[in-house]
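Paired with chain B in one complex and with chain C in the other, chain A is shared by the two complexes that follow.
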Partner chain A sequence: MELAFQYIGLGIHSVFFDADGQFWLMPVLMVLTGIISGIFFGAIPGLSGPFALALALPVLTSVFGYSNEALLPVLGCLVGLMKGATVGGAVPAILFNTPGTPDAFLTTADGYPMAQKGQARKAIQTSHFASVMGDSFSDIVLFVAAPVFAVAVERVLDLPEKSALIILSLCFMAAVVGNAPLKGLLGGLLGMLLSLVGTTLSGNGVRLTLGLDGLGSGVPLTSAVLGVLVLSEVLISVEDMSRARKARESLPQTPEMGPPLTWAERLRMMPAILRSASIGTVIGALPGIGTTTAATLSYDTAKRLSKKPDEFGKGTPEGVVATEAANSAVSGANLIPVMSLGIPGNFAAVFLILAVETIGDFSFGPSVFKFTEIKEIDGYGMIMNKDLVMAFGLFTLMVMGNIFNWTFGGFVMRFLVHMARIPKDIVMPLILLVSLTAAYVQDGGYRGLGTALVFAVIGYLIRRLQVSTLPFVIGFLLAPALEQLIRGAFTASGGDALFLLKSPIAVIMLGLSGFLIVRMVLQGRQKAASQS
Partner chain B sequence: MSASRLEAPEKKARWNLWLGVGTLVFCVLCFTVWFPNDIRGGIIERTISGRIAPGDSFFPVILAGLMMPLGLLLTLGHFRRGPDNAGEPTGEITGANIFFLVQFLLLTFVGLFFMSNTGPALVWAWNGLGLGVISSYRAVSTTFPINVAGFFLGGMVITCGFVFMTRHRLRWRDVLICLLTVLFLILVFNGLLEDVSLPPNRNL
Partner chain C sequence: MKKVLAAAAMLALSTGSAFAADWKPDGPIRLWIGYGAGGGTDVQARMLAKELEQTRGWILVPENKSGEDGAVMSAQLKNEAPDGQTLGFAITTTYNFAPMNSDNISPEDFTYITTTAGSQMAVLARTSSGWKSLDDVKAAAEAGETLVWANWGTQVEAGAEVIARKLGITVNHLRTAGGKGALNAVVAEDANLSWGGGVQRPLVEAGELTILSSAESTHLVQAPDTPTLKEQGIDLDLGYKYIIVAPKGMSDEVRDTIAEAVAEILNNPESETRKFIEKQYPPAPVIETGDALRKTIIDGYAANVEMMKALVE
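Up next, the complex of A and B:
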């Protein structure tokens, strides 16, 4: 226990003191910058947290570089953006019935009617309070669960089991994201294959480059993800808006703000907040299941348990609490598989992993939480697990983010009315230019830009076929780790063709993967049958 | 109900067939053409110490091998579906989508053309008008404002072009917003950040 506290202390120290021991506030300031920018970003209809993360990452690496010291300020800003965008998305949902982010979609159900009844201020403050409470709750669960889970994984799972775990995660994601698990899985495998371009683990030279020298060092990671996630979304939005061919309806007038939320009302909300945050945390800890599922489940539960279920949908604070506490709790819990296994569970987590992959020599995974004894060895200096210090540093930044969200978040939200009025049809073209510029700046000039465009087209086609891009991106990110594990497991088995089936745990995981896919295929068919 | 309405889900469902067959063809091409010609290592190799180890083809072959049954399932799923069952839900890619993609790529390439060539064109014009002698654009690629002229013009073409695409009109207010955004990007990437070059200056 003493060792754990030593690492926690070192983690906190790393946030406030740089490698030379000089006091610095940069990581904390970057969290604050992220929170405020995220809240503003989230309030603009059509934009979301992952958009903000995607655009911020290249700028942040340009500012801070790629050294280990850059990691905490960059991660701090990204975490701040993630938290801020979730909070900010509720404001246009409440005031104008236009969710700023997809997370806030269900908030319109009760937030907007509340605003129409002259309780806009109360609705916004309820949403802020529930959101920050939900986020803080799931962060606490993350701080406890991630190390415990990682230690368990490291003790129990060997190479075949870890390989099977990644396969299970990918199948789970393909099964739960979107309606087409077969095509989702196909997308995941295609993403994996594309990520192998250029790289080899044996040192036998490059592979799968189609003879193109530019691919020798592999597909530029950030540009590829930027293309699939951001540019393809911009393309879909631009096309849909272009097709609609109708004049943009002007937003209604800002409703009367009304009285503020009292502390007594906040106290009364606490049981509902804890229940919704628990639902969000459990859902968030499973890779691939997003905020919408958490918010829907929480809203339905709250309605079922409410003494006044008829008021749901007509402007009850209980409805706002249910959706906001749950969707905000997802973001912290989603980092449990990221930090303990290195498996991203949602789009925001993808960008945190990208940041870690491109900056410094830290990486997420079970080995992060190895509590190596801290000791001084002559000639070698201090021996410790520096990744663990970094992990606790990140936890500290998340706590700082919650504090800023508590204190400044509510204040910043008052100014969001104007942001919510920015039309999406102007924003999307601007995002397109920013994304192309970011790809050029981040990934070697036109090589990065070309990659972003190619992957934008791939992402566009995938989305148009109603296949989620998440398995594709996750496959693209996880392929190198999976290849390493599978190669290691195969070598260790002495070339046994059934190397993944020797361990009961791996067999169970692979069996579960198959079961999930079969089940979701059958469900998908039933859904299609009911639609046709 | 009209015949065209009845045909629409059928047409949409065919995308599963195209995807399934496309996947199978892709996998066959991987095994017969791409992998053998583009990966030096084999599937399984014996190391110097005599141990069996996976080669560079090992993982790609597993991935393509896993894609094949999925392609087969999609294909078979299309033929085995009942009259009321469209198989796995699917979207579709229409001619209009392809036309939009072509428009997008054309507009982007026009913008990139301006980004790449405005600076050199200005140098050419400068020399042609006898205002001075500049050996090449490369020589002034760090000199403001000529170093950002291409990005400025290309950025305006891209942003204004896409605003026009979405709104079907372009107001002066829209142009002003695009202008401010492009200037903001120039300020951030060219003014505030060091060691960062806007297009086309990194590729000179």
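Up next, the complex of A and C:
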């Protein structure tokens, strides 16, 4: 236990002092920058947290570089953006009935009627309070659950079981994301296929490079993700705008702000916040389900348990609390599978994983939480598990993020009233410029640009087919890890063809995956039958 | 006429003094790193790039091009102009072993500029396994334990196989991404044995891993009493060096200027790169340059071809 506290202490220390022992505020400042820009990003309709993360990552790496020292400032900023965007999305939802981020969609149900009743200030403050509380709650769960889970996983799971676990999470994600699970699964498989380009661990040379030496190290990750997520969204927006050019509507006037939220009211919200945050945390810990489901589930539960269910949808603070506490609680819990297993559950997690893959020698996974004894060795220096210090450093930054969100967040939100008025035809070209520059700088010039453009078209097609891009991106990111595990499990078994079926845990997980696939096929057939 | 002569003399003088030290890069130098971000090769290359900027004022732009033991980077490097504007940073294995598995590169495709450091190649096991030597490994295998050996490349996997055959035991192999991956595998109990090229030092100091044998031609700094493989009758030297290369056809002037600039940094006791090497790849930087280095690589390639032939037979 003492060792754990030593590591926590070192983690906190690493946030405030750089490798040379000099006091630095950079990571903390980056969290603050992230929070504030995240709130702004969240408040602009059409731009969401993942968008901000996608644009920020290449900019951050070009500022801070790729050394281990860059990790904390970069991760701090990304975590700040993630937290800020969830908070900011609620403002336009409440004021203008246009959610800034998809997470805030349900916030319009009660937030907007509240604003119409002259309680805009109260609605915004309620949403801010519930959001920050939910986020802090799920962060605490993360801090405790991730290490415990990681230690358990490392003790129980061997190579075949780890392979089976990744297969299961991919199937699960495809099954729960969007309303066309089979298409999601196909998207995931397509992502996996594209990640096969380049180097293998077989030692037999590169594959699928079409003879291009530039693809030898594989498809450049950042450009590919920028293409699928950001550029495809720009393409869709441009198309939508050109169709609706004449129907551009002006936003309504800012409603009456009204009285502020009192402390007594905040106190009365606490039980509801705890309930919603718990729902959000549980949903968030499962890969792929995401904020919208958490918010819906929490909203329905709150309505069912409420003494005045009729008021839901007509402007009750209870409704705002239910959605905002739950959708914010997702963001912390989402990092449980990321930090303990390296499996991303949503887009924000994808970018945190991308960041640690490109910077330094830190990577997420069970080995992060190994409590190595801390010793001083002559002529070498301190011996410790640096990854664990890093993890606790990240936790510290998350706590800082919550504090900033508490204090500055509410303040910043007051200025957001104008953000929702920035028209898309100004925002989109800017985003296009930034992301193309990022792809060019980050991934070796035209190689990056070409990749980003090809993946933009892929993302556009996936979206136009009404399929979520999440399984594609996660398949693309996880396939190399899966391949390495499966190859390893196979060769380590001495070339046993049944290597995946030798342990009961792996068999159960593969069985569940099979069940999910069969279920997806059956659902797809039913749907097709009911449509014809 | 006099003027022309004077000008000619001036020209002769200026070119005369422009021996090794006067070559200057024309704009930024691209430094392609053959391994991924964060590994021992990457850290060293980036440190060196930074110090070259400080000492010479050259601008270096490092870029990671990982894969296939540096062969992915080298396949791109060989098509560049040998003008000193594009350099590669990898390990000697990239040139004296990896070409065997690649249709794209051969050891003759490159100009070898200088080495920077040498490995501390060790056979490792978890201390908790209780093994102290290769004999203990043999005993465990004979007692029925399944052995898994973590390898980061084809060469070391072949090396593991050579050892296993010499001991008369069977090992299964686990391929990992880079040296850090191999260490993680043995720490996480996915493998029983692993190679370590230098990054193992803190884990060995911490008592988590034990060095069973040196795989260099000499004893290791960290385990001076542990025998080498050769001393145990296994004719294998898997030591490697970190190396800076360029496409073939680079003039001696450019090659030597770059080598001198690197040596100046590595010989300076205050240099960060040197400090890093002293810590990670002790005791000190290993500098081998020019034609001697070229010969070492070409001879090493021939020896490795022989090793692989013997393994197949």
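Simple rule for what comes next: the second predicted complex is superposed on the first by the 513 of 532 C-alpha atoms of A that agree within 3 Å, B and C clash if a C-alpha of one lies under 4 Å from a C-alpha of the other, contacts with A are read in each partner's own complex, and residues count from 1 in each chain.
We adopt the following convention: a contact is a pair of C-beta atoms (placed from the backbone, for glycine too) under 8 Å apart; a residue touches a chain by one contact, two chains touch by 3 or more.
All of these numbers come straight from a predicted model, not from anything done at the bench.
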Quick one: classify A:G444 as touching chain B (first), chain C (second), both or neither. both
Kindly classify A:N204 by the partners it touches after superposition: chain B alone (first), chain C alone (second), both, or neither? both
Considering only the touch criterion stated at the top, classify A:Q523 as touching first (chain B), second (chain C), both, or neither. neither
Just checking: does A:T358 make contact with chain B only, chain C only, both, or neither of them? Give me first, second, both or neither. second
Who contacts more of chain A, chain B or chain C? B
Once the structures are superposed on A, label A:T262 by its partner contacts, choosing first (chain B), second (chain C), both or neither. neither
Could you tell me if A:A492 is touching chain B, chain C, both of them or neither one (first, second, both, neither)? second
Figure out whether A:S67 sits in contact with chain B (first) or chain C (second), or with both, or with neither. second
With the two complexes superposed on chain A, say which partner A:K183 touches: chain B (first), chain C (second), both, or neither. first
Intersection of the chain A residues that touch chain B with those that touch chain C: 201-202, 204-205, 444, 487, 491, 494-495
Chain A residues touching chain C - in the complex, by the definition given at the top: 65-68, 154, 158-159, 198-199, 201-206, 213-214, 216-218, 358-362, 366-367, 370, 372-373, 375, 377, 380-381, 383-384, 444, 484, 487-488, 491-495
Chain B-touching residues of chain A, taken from the complex the two chains share: 59, 62-63, 179-183, 185-186, 189-190, 192-193, 196, 200-202, 204-205, 207-211, 235, 238-239, 241-243, 245, 248, 425-426, 428-430, 432-434, 436-437, 440-441, 444-446, 449, 453, 457, 460-461, 463-467, 479, 482-483, 486-487, 490-491, 494-495, 521, 524-525, 527-529, 531-532
Would you mind writing out the residues of chain B in touch with chain A in their complex? 9, 15, 19, 23, 34-35, 38-41, 44, 51-56, 58-60, 62-64, 66-67, 70-71, 73-74, 77, 81-82, 84-93, 96-97, 100-101, 104-105, 108, 112, 151, 155, 158-163, 165-168, 174, 177-178, 181-182, 185, 188-189, 193, 195-200, 202-203
Would you tell me which residues of chain C are touching chain A in their complex? 37-39, 42-43, 46, 63-68, 71-73, 75-76, 79, 101-104, 146, 148, 153-154, 157, 170, 172-177, 180, 184-185, 187-191, 201-202, 205-208, 279
